[in-house]
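Next, two complexes with chain A in common: one pairs it with chain B, the other with chain C.
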Partner chain A sequence: MSTATHKPHLGWEVMLVAVLAAALVLGRSLSADFLTTSNIANLLADFTEIALMALPMTLIIIAADIDLSVASIMGMSSSLMGVLWHMGLPMPAVIVLCLVAGTLAGVFNGVVIVTFALPSLAVTIGTLALFRGVSYLLLGDQAIADFPTALTTFGISNVGDTFIPQPFVIVIVAAIGFTVLLQATAFGRSLYAIGSNQTAARFSGINVSRARLILYVVSGLMSALAGIIYTLRFSSARGDNGEGFELSVVAAVLFGGVSIFGGKGSLPGVLLSLVIIAVLKNALTLSDVSSEVLTIVTGVLLLSSVLVPNLVNRWRDARQQKALAAHA
Partner chain B sequence: MSPSPLNLAPGTTPRLELRNARKNFGAVRALENGTLTLWPGEVHALLGENGAGKSTLVKILAGVHQPDGGELRVDGQPRQFARPSDAIDAGIAVIYQEPTLFPELSIAENIYMGRQPLDRFGRIRAETMQHAVQEMLASLGVNLQATQSVRGLSIADQQVVEIAKALSLNANVLIMDEPTAALSRPEVERLFAIAERLRAANVAILFITHRLEEVFRLAQRITIMRDGAAVHFAETHEMTHDSIVSRMVGRDLASYYPKAEVEPGEIALAVRRLTRRGVFKDISFTVRRGEIVALAGLVGAGRSEVARAIFGVDPVDSGDVQIKGKSLLLGDPAAAVRAGLALVPEDRRQQGLALDMSIAHNAALTVLKRLVHWGLISNQSERNLAQDWGRKLKLKAHSMDVPASTLSGGNQQKVVLGKWLATHPDVLIIDEPTRGIDVGAKAEVYQTLTELVKNGMAVLMISSELPEVLGMADRILVMNEGRLTADIPRAQADEARIMAAALGQSDPHSRSAA
Partner chain C sequence: MRHLQSILLTAIAATMLPLAVHAADLKKDLKIAFLPKQINNPYEVIADEGGLAAIKEMGAVGKVVGPSDAGASSQVQYINTLITQRQSAIVIAANDANAVVPYLKKAQAAGIKVVTFDSDTAPEGRQIFVNQANSEGIGRAQVQLLSKLIGPEGGEIAVLSATPNATNQNTWIKWMQEELKKPEYAKLKLVKIAYGNDDDQKSFVETQGLLQAYPNLKGIISPTTVGISAAARYLSTSPKKGQVVITGLGTPNQMREFVKNGTVKAFQLWDPGQLGYLAAYAAANLASGTITGKEGDTFEAGKLGKRTVGKSGEVILGPPTTFDASNIDNFNF
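What follows is the complex of A and B.
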């Protein structure tokens, strides 16, 4: 409790940097290919969709809400992209319509949660199933792969001669935008207040309903964007694209030091955590570890990010009690 | 009418003695010197402002809290209560303000919960139980049936059930924590009659109240607490109303309530026929610049609800509110803030502060838009804002960056006050301005309110503390069950008149009597 609220959680971030260093050492020792430029490009590209969804998710969890439907909105936008492209619409129109659909999905989440005052956990578990269902309904079990080469190359090529994949540029721009929004604007500050004490925020004249609604809409939009980029990177629109990604997104946010109870955390921490997860995943994949183990790693990260702060607090309280007792 | 004197046979030992009890919660010292002696057959009033340590003392006697130091004797024997059941075994029972009964069960079942009389097959002997309870209710002189269910009983009747339960446990010390706070006049009379019967039966009663007229009627002796310590002990007849209040606040009353004569200016807040169905009805009043208007009444009369409705955090069904002559859009707190209204809410931890956030961030919440340059919050102006108000309100904190949760109640209240004064309001509604803060901080809050009205602010102060209402208000509005029942000017106000209106009795002198 000694750190100020939205100030980067220093202790936690130092720990994240240490974990990152350990992950890099681990990757290097597991595979000689790990630090090659092509692998770094891979590693960064793999991080695109999770990062795009983790940015709004950070804001949502800081406001003490959650959106578990992100990966389903991503899948829905991927399916819709395939269907619209097959109908012969021009690509710009397809992209715009996919983004609009994602935004509408976010509006739906937000309106149901805010106007009916329902718990976001329950509502977005519902829409997780609902939007995924729509996604399968649109494409069935077929895959659409004949997207224009100009665009699919965008998904897999690098910026000039560097090892930075082009989609990653979108992540950087979005990350900067979201960081400024959360850490330096009145809107961002009001999110901390809402997450810390929603009643007090309302009593302070903050429009809580509007802020929460905006968050879900933005989350829908960013999820749709993730779906589009994913489709282009793999040149494949499928109903099951991104299935289960919500788990990685939430894990990345919590591992980044954001409190599941809201009100605490920062975007720099989440960005670090995203890099760590990407590095770990890549290192494990390179050394032929199965995807089941990857899921286990995600689970461990998630658990440790809620358990460790709890244990640290208990330890701190116990020590404080002891100090007081010694004083008396 | 004055209470019968306390006559003790020579050689009687006190039923209960607490000496120098101490209790800390973390770094907060809740009780520094809890000292109290209770004799059999006395009604003893425990007095003190909110936050003086009365509840902590009661909870130590009830075995809920374990003291960090001090001595406790029951019937002359040293005792330690590790848990509430130890206190019950020692014959001590506490009747809390809000009774905790099982609504679906009958009165008899509630009283015998967990220790029902059983027959040899282990079945509950319902008739024996009902019979015993009926007898006990009759001995208290109340008209209740042992078999009726607790659901639907008034708070007063539920208190009677709690008292009967205590007696069935052979309690000979009864602690009543503000039992009359939510009772009507006849219910108070009945409770007093019960207390007299118990006293005659040699039960010792510790009675906590904020209404001094009740003390003069019922109690033989008085213990006064202030800032966690028992500071004065006396026979009731040795004391006067004013001498009790001065002991409670620890200083001369005139300097404690720095009431200034301010010529009232134009009307700043006008409320007309404000109604929220089932909560309050037809509330109309005005507050002028330079005026402190108090809104008094019992807990649950609808005062805070009116304040919240004016500010727009609660809905209204009809009526309107004008600030400086302009109609206010109701139901929108942001619009209220823009119009020049500020609300310092009743519950500062739940409604006033984001406790995990720093002082600076809390103070800035109401004025974020003003601190923004090119869309970004300026940390410098934010910190300056908090520091300015912190200095003006004498806020004690290590830094503006520590979480609000680390502050004492009085300093938290200053942060909430500062956060609202930063909006430069024309009308300040302040709900229970001094609840749960120490006497020093209270005096500073009163000083601040006085300064504000001198500078032309209009203040509506909701308060359950009569000394505060009488000490600070230019005019006193009283509510009873959702309606305004009196509008009393300062010169004509006294405790009896306010209580009469709060209890719903019509006031022949009042301008807007019901």
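What follows is the complex of A and C.
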């Protein structure tokens, strides 16, 4: 069983590497400026927030749940940051309170889902609206922009002369942390069991409720972090910040080979998928492809990530049955 | 035939001559990119087309790029791309007055000139802001138009605004009140400022309320495109049609039907095409070094003539255009 579940996504990752290579070649051939330091920095910076939310989302979807409220928590944390800053709180306190608020939002999601045994899809569609509402309530149609220059400079600068944007360092650290958590700890392995069969996981001694609760709390925390970084990168706290990002996050996770039905997927796959989407978007924008076409490309990628494994499985099943029939 | 040809040629030469003279000051090989709030927004499309027409006229290379959503950050990716592509100038209608500023500063540091139009950024983000009209002009012009439509006998008037805290509308209303203080409007009496919250239904109901509460009402000014079309829709089926004047700021496409059926005589808005046109000339002049964007700089803006840069880099298009039955079909936005 275990080899059967692992085989397909290893294949998927190999395919993603090939797609990435193709995307890079495409980018290079479309524009001579594609591989410049500043362009690569732009490319990486563009998916900072999506990546921070995609990391916990990967774990959640592997555990056969979903959290659609991430972008709303992100927006709420951005609004809160503006409000607290205008109340005159020192920046470290503002940041800590925003992270706490995000964590509490995650606790709320987790408790409602786990305690009342409600489907996470329905609950987080509800909190998607709820947290976005709070976000608008906090700031209205205002935008707060007078954040300290030292921090907003952090938001748009690179590490030394490299092509790595400073906020991206947080993505790298978080990516390593989440990969270790998922791939090398008992907790991480238990998520695959939960995603494959929750009842079986429970009977085998895994504390399913606790694990799911932790996932939502972590997701809330990371979304709040994404909100803070977004606010600093654009020096603008607004109620509508990050609106619609939840779909980009889920799309990146699914294209990364994580099964929407749970139990399958890996973080390297998701990280590859994030980079591929960013490279394609950047390369196509650089050659003046319109944003409608970009949306279509993202749609096709997502659709193919759901369709291709399904078709491969069907083909494999059909072949197996044929083989069985031949034996009989 | 030969005669006609020579007339045509002279005519063409005559129209091209002034342009050729102005264009001579502009650098060759300028690359000017328009970055609207959102592509496919009908208003922005007209503005961008006006800009592209100007760019074509001056022999530069122009293009329109932009996001499909109006989020605070979605324009940033495009600014970065335009920097990488080494454009001569960026003409942007900003989605967020601050979010794009750090990136526009990067563009300026890379030698790219930045012009904002329609919607400004913080002043450090750009060299020139091409504004539709100043608030004073918009406010006063609407009272002038209303007074003309009501006639010398005057009467009670009301304003149907957007939200109570809408900055634009409140400034315009302030200037309307200033204009009303003039002796020639002594017979116009502003009885109520109602708020439709830029919501079609609410504006519709507020119009109904105004007409019931003030049976002698002679006119309504609605300085918002949502408000004016909702008010016109209510009036078009009301027995008061023809007795109450509705005017304000609206788009020709929204108002066409009400102008054609006689509900509305005239209304105003700036022509977004001219706004884009002027912005393109401002950008080309900045990129050619003929101006720097400081107060008092002047430049030739094609068919719009000579323009002067005002305080804090603002260039004003001029008073709003008035649309009525005679010209509304020339506009499609």
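Simple rule for what comes next: the second predicted complex is superposed on the first by the 320 of 328 C-alpha atoms of A that agree within 3 Å, B and C clash if a C-alpha of one lies under 4 Å from a C-alpha of the other, contacts with A are read in each partner's own complex, and residues count from 1 in each chain.
What we mean here is this: contacts are C-beta pairs under 8 Å (C-beta built on N, C-alpha and C of every residue); 3 or more make two chains touch, one makes a residue touch a chain.
Nothing here was measured: the structure is a model prediction, and the numbers come from that model.
In the three-chain model built by superposing on chain A, chain B and chain C fit together without any clash.
In the superposition on chain A, A:243 makes contact with chain C only, while chain B stays out of contact range. Once the two complexes are laid over each other on the shared chain, residue contacts for A:234 go to chain C alone; chain B is not touched. Looking at the shared chain after the overlay, A:288 reaches chain C, while chain B stays out of its contact range.
Contact with neither chain B nor chain C is seen for A:25 once the two complexes are overlaid on the shared chain. Legend: residue contacts after superposition of the two complexes on their common chain; A:35 is shown touching neither chain B nor chain C.
Touch criterion met: A:203 reaches chain B, while chain C stays clear of it.
Contacts of A:172 after superposition: neither chain B nor chain C is touched.
The superposed three-chain arrangement places the nearest Cα atoms of chain B and chain C 40 Å from each other. In the complex of the two chains, the chain A residues touching chain B come out as 1, 4-7, 180, 184-186, 189-190, 192-193, 196-197, 199-207, 263-264, 320, 324, 328. Across the complex, chain A meets chain C through its residues 31, 33, 36, 38-39, 42, 46, 143, 145, 152, 155-156, 230, 233-236, 238, 240-244, 281-282, 285-286, 288, 290-292, 294-295.
Those residues of chain C whose C-beta lies close enough to touch chain A in the complex are 39-40, 63, 65-69, 71-73, 76-78, 80-81, 83-86, 96-103, 106, 122. Remark: chain B residues 24, 26-27, 68, 311, 313, 333-334, 336-337, 343, 345, 350-358, 361, 364-366, 368-369, 371-372, 375-377, 401-403, 405-406, 419 touch chain A in the complex.
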